[in-house]
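Consider the two complexes below, in which chain A is the common component and chain B and chain C are the respective partners.
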Partner chain A sequence: MDQLVLNLTPEPLPAFDSFVAERNREVVTALIDPQAERFLYLWGEPGSGKSHLLQAWIAHAEALGRASIYLDARVDRLPEFAREASFIAVDHVDELHPDDQITLFSIYNSLKEAGEGRLLMAGRRPPMALALRDDLRTRIGWGLVFEVKPLSDDDKLAALARHAESRQLAIPDDVFRYLLTHWRRDLASLVDMIDLLDRYSLALRRPITVPLVKNILQTTSSPS
Partner chain B sequence: MTDRDQFWPACLARLAGELSSQQFNTWIKPLTAEAGEDALVLFAPNRFILQFIKDRFLARIEELAVELVGELPIELRVGAPGKAPAAPATPPAPRPAASAAAGSAMQAQAKQAAVKAIGAGHESTRLNPAFTFESLVTGKGNQLARAAALQIAENPGDAAYNPLFVYGGVGLGKTHLIQAIGNHVYQKNPAAKIRYIHAERYVADIMRAYQHKAFDEFKRYYHSLDLLLIDDIQFFAGKNRTMEEFFYAFNALLEGGKQVIMTCDTFPRHIEGMDERLISRFSWGLTVEIQPPELEMRVAILMKKAEADNLKLEHNVAFFIAQNVRSNVRELEGALKRVVAYSRFSNQPITLELVKEALKDILAAGNRQVTVDAIQKTVAEFYKIKLSDMHSKKRSRDIARPRQIAMALAKELTPLSLPNIGDAFGGRDHTTVLHACKTIAELRGNDADMANDYDTLLQMLRN
Partner chain C sequence: MLILQAERDALLKPLLAVTGIVERRHTLPILSNVLIEKKGGEVGFLATDLEIQITTASPEALPGEDFRLTTSAKKFADILRAMPAASTVTLEKDDGRLTLKAGKSRFNLQTLPADDFPLLSANGAATAAFRLAQKDLKRLLSQVQYAMAVQDIRYYLNGLLLQTDGDTVRLVSTDGHRLALASAKLDAALPRAEVILPRKTILELYKLLADSDDGIDIELLASQVRFSFGSTVIISKVVDGKFPDFNRVIPLDNDKIFLIDRVTLLQALQRAAILANEKFRGVRLVVAPGRMSILCTNSEQEEAEEELEIAYQGGALEIGFNINYLLDVLTNVPAETLQLAFGDANRSALFTIPDNPDFKYIVMPMRI
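What follows is the complex of A and B.
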């Protein structure tokens, strides 16, 4: 019988320092610079780390003691009270419901008018290519816009190694490399897989090795 | 010959009359002239200005030469005249339309003082003190609207201009323009009851007033204003309660000789779902359009923005950004912010190289550059004519009109020169292209269907 695993894994808060930022250092700098533009928009491919950055930014705001809120247009409708916050992050703007586009537009305007507060948005496409209301789309392009570059394979290996280390897992490098070529390549999926491997390894009482990974990948549903 | 020496001052005087002051200050004033042996040499401070003069103004200057002094060849060079280094080159930075002689430092000071002078009472207006006529860059696209706005700022409530209805695409400076009126009125009369509000907020405020049973108060407040500025009135469409309330407020204000100013993304008749009574009232006063800024105006906007932020921006750098970011003023300003952020991040001065690096992703994204081929194809399909008709010599209207539209679109969406566009349409002359652009611009002003078609095509091509 498999060993039952007591779920004691800490839920790590996303933080800027866990973001492998070699190519995105400029973005992180702009996000934490209190003098910088108050309206920011990040765009890039799925898995490039935008949501991570948004959440890290919110954590950063919390640390500063600012009222902050993270909103995900993919999951929820935008609440009217969002405007009460002074750090507002809106993820997946490409998927904003038409009514929510008006809400965001209105939030944008009141922040602009108020002269304080910050708005960080993220989406897959550059502002000009967003299929949103014109008045909102141009406002998104009005602020500071960055493309978040996807991580290189080396960046991903480094991020995975760091993640494993934070969990005090001893995982040989060839496992990471194997995952990179045999599993989904975005960092979120890779990190999830490491966590899954951790649980398997505990349950099966076997070290994490390439053969174990192969075994698990075969039994896990194939990547969609 | 004295004739030749006098030509340039005379030519300057004529050009000053023909061009907008923005155009004149940006492009013509930086030039210095020197009479050569057999030609007049015009020196431009850099090759961007030279190129621009060559494309846009050289033909006109040559015409004037013929008219004023007979045959006089004109030569363009980069640099300054050799013999007169003492005369300092006029700074290429464009100055606002105000008198050029006045020291810009003094102007800036005056502006700062003005901004400071706007005190606590100003807050209730919800106006942004930075939006003034002085900080508004003027060009072909908005000079008419600006002139009307100035009139109203001087004489708010004048029946001939009441209401003022300003319409145009997003991000072209409608809000800036109407707030400039508000600020001007406030400066002249701080006791005036002024309120700027975005239509979306107005709708929400009405709802709240109902919920809190504070409706009478709401009504009293809006009916008591001296100047009401409502932005993006198209938000009222389909909201019957709001339209009804606004109808009463509007009537009360107009009857009392109070000024109402609105902006909208489209012509009154084209607002879908808007109350007919309101639509007809919107047209009682003056309706003006703001059009997208041309290249030179975009350059001027960037220079102005940089000046306001105490940034040193070289003309060629502004030119490069303006040339590559063409959609609207907001994205233009966004691009400048990006450049500044990158310069700060990398601790390097703003040079052309740095700008190219900073805007790499924006440029790459915009570089799904629209081609003439794509324009011809889209327009041909839209009007159900053959693609070959784009190049053909046929002149029947059902073919010529779409062809003209395609030419106008090519001018707007591609960086090609008029002769290049002419070539792409079966080797036509650049004057034919120019004629097409003018015709279409006119038609768009008079013919709603044409305006609609054009905007639709523009959208199709941009996406």
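What follows is the complex of A and C.
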């Protein structure tokens, strides 16, 4: 018998504030700087925080009152109306459909000609190693390119603590350390696990402790 | 030295009003004491646990000198309670000892210096202040207080949201499984303000409120709330935290809707609950055109089944709940008829009073 719980905590919006920026400070600086290059490309390992940065950038653009759109090539095809926005983020460019590569190339050109608007893209590999159309690949490389460095364990612990705090959850530090050594190591999975623990503890009326985590990890699918 | 002579009840009643919050064990020994202070004819009683402070006064003026002392709240109350009702009690104080005499009984109690007693002072100006009849506040509290969490790690759930907004005062409580909301209209224009009142404050306040038209003044201060009614004043710290946005959990598109007589449903559930699983407390509701069945089974494979006629022609639904969450709302809401609105077996159900927007109860189902 499982008690379902009310969805009291809204999903926090990715923001630059919640990005642990110790080693990636220059990336965040470039993203916020209104004078910076208008075409940017971020690359790095899965879990290094690229998608978070893209979404934070979009939230930042919306706060500035700019029309913006976040597109994830892994999830959806690029819509034609995307070019209407002035801040365009395209995630997972490695996985762009061939037709979408043409669309993105055309968006790039129209932004370039318009002289305003910004395009932020992200992928796993540096521009020259991307398996994309030559014309698009070179354009990606012409802009400002940053490697997003993976988070250290301390960065991850800090990010998890901050996430728990944003959900007003009191979680002892040993729970975070336990997760780091016994669960998937990328931040997205770790954060999802905190949210799962939140729901479990609310449903079971139990505090979030290492024994509870052990219990849940045993019943959840093993790390892949 | 004789310091006070009074009827037992003139001391016991105000004493019991303040000592409900005194903790049995505390790191500060003086907190298990009550501060008794006589000024002019008025004898005041004060107790605190550093989070809440309650003061009240004896109902009538008493003769004698002014004094201040603290003594064990529990022992003093236990002694007075054990005295015959109409007996006259005298208090004498000598060298830090308090002697209580009544008839042929004599008790010698320790005291601690009154100047060492920690007092909460009200801080800052009120961000919002309003007045309600005591019975109205009591009724509002009874409609929501049962849904507060108990010792949850989300400290903001171990309390009750008090919100003022224009002419509306709103109380909301939730433990994550269900949420109760009650509001009332006032003849006032209040600023938008909200605080989370600690669970203990709510339970104590509820105990002390009378079913009367006499007013209670409520002031939201910086990180504190003050309740003043009769000669009693409660000052309470508030819970530091952000209460969840309750509007986002109110289901708006539940389409399986019917009215039901509250007492009929309550009694049926109370009978069925006898055979509900002791640990999980699950109940299954089977809703079909014209009728609703209530089914409980326990770990010994015993079964209870109730059937109610309902005026309902919509789609069928089978949904599980913790039966206590249903009993809670049915017990505490003073309405003859309730409206129940369901979505599907995984979505929250909404209990409301027909044509009355002032009460809402949202309860999440249980997968059975």
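Things worth noting here:
The definition used in the following text is that the second predicted complex is superposed on the first by the 220 of 224 C-alpha atoms of A that agree within 3 Å, B and C clash if a C-alpha of one lies under 4 Å from a C-alpha of the other, contacts with A are read in each partner's own complex, and residues count from 1 in each chain.
Just so we're on the same page, a residue touches a chain if its C-beta (ideal position, glycine included) is under 8 Å from a C-beta of that chain, and two chains touch if they have at least 3 such contacts.
Just so we're clear, the structure is a prediction, and the values are computed from it rather than from any experiment.
When both complexes are overlaid on chain A, chain B and chain C end up sitting side by side without clashing. Once chain A of one complex is fitted onto chain A of the other, the partner contacts of A:144 are limited to chain B, with no touch recorded for chain C. With both structures placed on the common chain, the touch criterion links A:30 to chain B but leaves chain C unconnected.
Chain centres taken from Cα atoms put the angle at chain A, between chain B and chain C, at 160 degrees to the nearest 10. The partner that reaches more residues of chain A, of the two candidates chain B and chain C, is B. In the superposed pair of complexes, A:208 makes contact with chain C only, with no contact to chain B. Shared-chain residue A:109: touches chain B; no touch with chain C.
Contact with neither chain B nor chain C is seen for A:123 once the two complexes are overlaid on the shared chain. Closest CA pair between chain B and chain C after superposition: 37 Å apart. Listed in rising order, the residues of chain A touching chain C in the complex are 1-10, 168-171, 201-203, 205, 207-208. Chain C meets chain A in the complex at residues 152-156, 174-179, 241-242, 244-245, 248-249, 277, 280, 282, 320, 322, 346, 348, 362, 364-368. Chain contact summary for the complex, chain B toward chain A: residues 126, 128, 169-171, 198, 200-201, 204, 232, 265, 327-328, 330-331, 333-334, 337-338, 341-342, 345-346, 361-362, 365-366, 462-463.
Chain A contributes residues 25-26, 29-30, 36-37, 102, 105-106, 109-110, 113, 126-129, 131, 134-135, 137-139, 141-147 to its touches with chain B in the complex.
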